[in-house]
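Two complexes, one shared chain (chain A), two partners (chain B, chain C).
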Partner chain A sequence: MNTQEAISWLADIFNVDETDIQVDQPRESLDYWDSMGMLLLMGELDDLFDFTLTEDQLKNISTINDLLDILKEKNFIVDK
Partner chain B sequence: MSQSEIKNCRIAGISSCIPSKIYNNRRDSTQFPKIDVEKVVSLAGIVERHVCDDSTCSSDLCYKSAEDLIEKLGWDKDTIDGLIFITQSPDYFLPSTSCVLHERLGLSDDCAAFDIGLGCSGYPYGIWMAAMMLNSSHKRVLVLHGETPNRFTSPDDKVTYLLFGDAGSATALEYDENCSTPWYFTFGTDGKGYEDLIIYSGGFRKRFDDDQRQHYLYMKGTNLFNFTIKKIPSLIKDTLNISNKNTEDIDYFIFHQSNKYMMKHLVKKCGIKKEQAPIILDKFGNTGGPSVPLTITQTLNDRDITKPVSMMLLGYGVGLSWGAALLELDKEAIISHIIYD
Partner chain C sequence: MKLSLQKVSRYVSKGLNINPDTIQDCFSPATKKDFEGLIELRNDLSKNQSLWDDRSYLKWRYSFNDEAENHNKMWVFRIDDRILACLGVEEVTLSINNKKVCAHKVMDLLVKPEIDGIGLGAWMTLTMKNKFPILFATGSSKSSYPMISKLFNEMEHRQTHKLLIRANSKLKNKFRSALISNLLSMPINLLLSIYQKFTYEDLPGGYTLKPLTSVPEQVDTFIVENPNQIYVPRTKEYLNWRFIENPRRKFIILGLYLNNKLTGVSFSLLRNSAINDQKEGFIIDWVYDSSSDSSNMTANYLLQETVKYLKTTKPNSISTSVYDFNSSNIFHKLGFLKRDYNQTFFTYTSDKNIEKYLYDNKLWYLTESDANTDLF
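Showing the complex of A and B:
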């Protein structure tokens, strides 16, 4: 998937509009990305990519962009 | 990975015991915003849970289960030569609560009794220890597994308070040279995750803490989910491999009842059918390790008694610790469930 599709996918997971996916906002300011939201995200990462975040990644992800960067590194997101 | 195969044991019966008081998450949690409560109810799947008062311990629930089971089995108490009490909510730091239970149950001085300080992984470990004892010199072993996690979660913590219920259980095992079907066990540990579920104060690292919150549970849910999806599929696969079985050969996968979303995810990932993996979280919450025997009693109380039932018991969590026991429950095994008033 590309970045736009990833944002749409995240909006589905968190059950919000795409415009609510603020890629640079810190996680603490995003109501939908609480511990429950994180569980849903982790489940979807496992389902779709068979991928689990490391403990360090879990600790250090603070924005949607941080997550997107990890997915790009893994080639789960490819922008042509 | 630590694996073993043990024969000549049978489970004579399992009894579970829960307190009568019910805490309904939607009705009774007035201290949290309704939207947060609804997230827990829908994602974790916990609508209500049975909770003890402050004078009731896990040993009380296990004592009632044990008396219930011993009576239904018609066992002479002097024939019980092993008692294992598994809990992370003991009556005292010392003596072992198994000794207190030994006295309450009126067991013989020839009975070996000890505690195991494990939580969510406790039941497979307890069955394994009992099986090894039965294959040395013991004839009848009681495995009592109880937990009162509602008593160690802070009423102000929305992360943990709505999740846990209290329960106790008794499992009676005996040596039987005619039981040739092997039982299989797999265990693992990752101590790097010891802080993912922890009560920091009250033990000997820090006995007394002015900050009362430190005497209650802390939980890192995302780390626990990560651990679960990484370790449990391979736990199931390794246990099936050692027994030369496939998922279709197992009647039930009895998971520790942690979180409905996590459990459904695991079941799907492992290729297990929904009907093979009972979930009882909605009525009982997460009762820690005793959720495994409690799920057995709730699922099998009206089972087809014309044939044995094969079960893989799966405990995973605090420690981080995990274990599986693959065994058969024969058609004569007694299943019972009682309420503690």
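Showing the complex of A and C:
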């Protein structure tokens, strides 16, 4: 998937509109990214990529961009 | 989107730095030795601002005896004897399609702030979903709503209805001048009182209303099977526990008699509003003999006389919360208006045969008695 598709996928997970996925806003300011949102995200990462975030990654993700960077690093997101 | 308990166990264990195979061992019903730890957790989270005697409340609501048979349990999540979270579960009998079924109401969910965000609240709730086939929750806080709404089926909200008796405080909020609000209140209060005088029927001869100090056993005869309703049967035992033994509130219990035979009982309370400190009445619950009451006469008289009784204590308003079309109609006839303030309600079942009943808003009968806040 590319970045735009990833945003659409995240909007699906968090059950919000794509326009609500503000990539540079701190996680605490995004109502949908609460503990339940995080669990749903981890579940999807597991199902789709067989991937689990490490403790360090969990601690350091503070924006959607941080998450997208990790997924790009793993080649789960590829922008051509 | 579905989250399995197994998966969430892995994620939460990671956050807690424990082995996922042992996470279930950390979660069990509280016993006597957990009592002080629970009080500490609840004090921490309420910043010692609890408005009631929390020790008495916990002892009343939940069992802390290792061997005692109690239907209500406070489940605690502990690591090395330190309580990190808790979840209250009340076992209730629901009447669904004329069958008595065992259901569990979840409430009092608390998680230590330092581990908030790792999903422990969701894990505890998922554990209960795996354990019990029918769950419901009457209410949610701002912080628990996102989680509960994703794990349960959200029903129509419970509605609150309010009868305005004196307009003074409402107008005072609007005009902020005591003089103007008092002047305007006088004709409005007079109109309200005239409207209520003419709307309310005179009680026919033979009927009397008496304050009660306990719930008479005749109430057990009021319970009739209704295939079109899902409700917690109000037995004498339940009502005595809920309203007489409850240490959080003192309730006003009124019995309506026809020729000295009990035909209905209402449960109300008076409180000072947290917003303007004005006195308000609240009708919490009511039970009545509906066996020969096709036109709702008994219910009408019981609720009307309860309103009249509460009015003698000079409240500014009387409110009620009800999830039942029939009762809502009675309150509307008595001059109650729907308020915007709604309360959430959630259900869940893993039993496919029950799903069509449990998720049908029209079948449920709930009053404030089914909530667990006692209106604090």
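Couple of notes before you dig in:
In this section, the second predicted complex is superposed on the first by the 80 of 80 C-alpha atoms of A that agree within 3 Å, B and C clash if a C-alpha of one lies under 4 Å from a C-alpha of the other, contacts with A are read in each partner's own complex, and residues count from 1 in each chain.
Following the convention adopted for this analysis, a residue touches a chain if its C-beta (ideal position, glycine included) is under 8 Å from a C-beta of that chain, and two chains touch if they have at least 3 such contacts.
Since the model is a prediction, treat every value here as computed from it, not as a measurement.
Contacts of A:Met38 after superposition on the shared chain: both chain B and chain C are touched.
In the superposition on chain A, A:Leu30 makes contact with neither chain B nor chain C. In the superposition on chain A, contact is made by A:Ile13 with chain C only, not with chain B.
In the superposition on chain A, A:Met1 makes contact with neither chain B nor chain C. In the superposed three-chain model, the partner touching more residues of chain A is C, compared with the other of chain B and chain C.
When the two complexes are superposed on chain A, the residues of chain A that touch both chain B and chain C are 34-36, 38-40, 42-43, 46, 52, 55, 58. The touching residues of chain C, counted against chain A in their complex, run 1-4, 7-8, 10-11, 14-15, 116-122, 146-147, 150-151. On the side of chain A, the complex with chain B involves touching residues 34-36, 38-40, 42-43, 46-47, 52-53, 55, 58. Those residues of chain B whose C-beta lies close enough to touch chain A in the complex are 39-40, 43, 159, 192, 221-223, 225-226, 229-230, 259, 261-262, 265, 268-269. Within the complex formed with chain C, the chain A residues making contact are 12-13, 15, 31-32, 34-40, 42-44, 46, 52, 55, 58.
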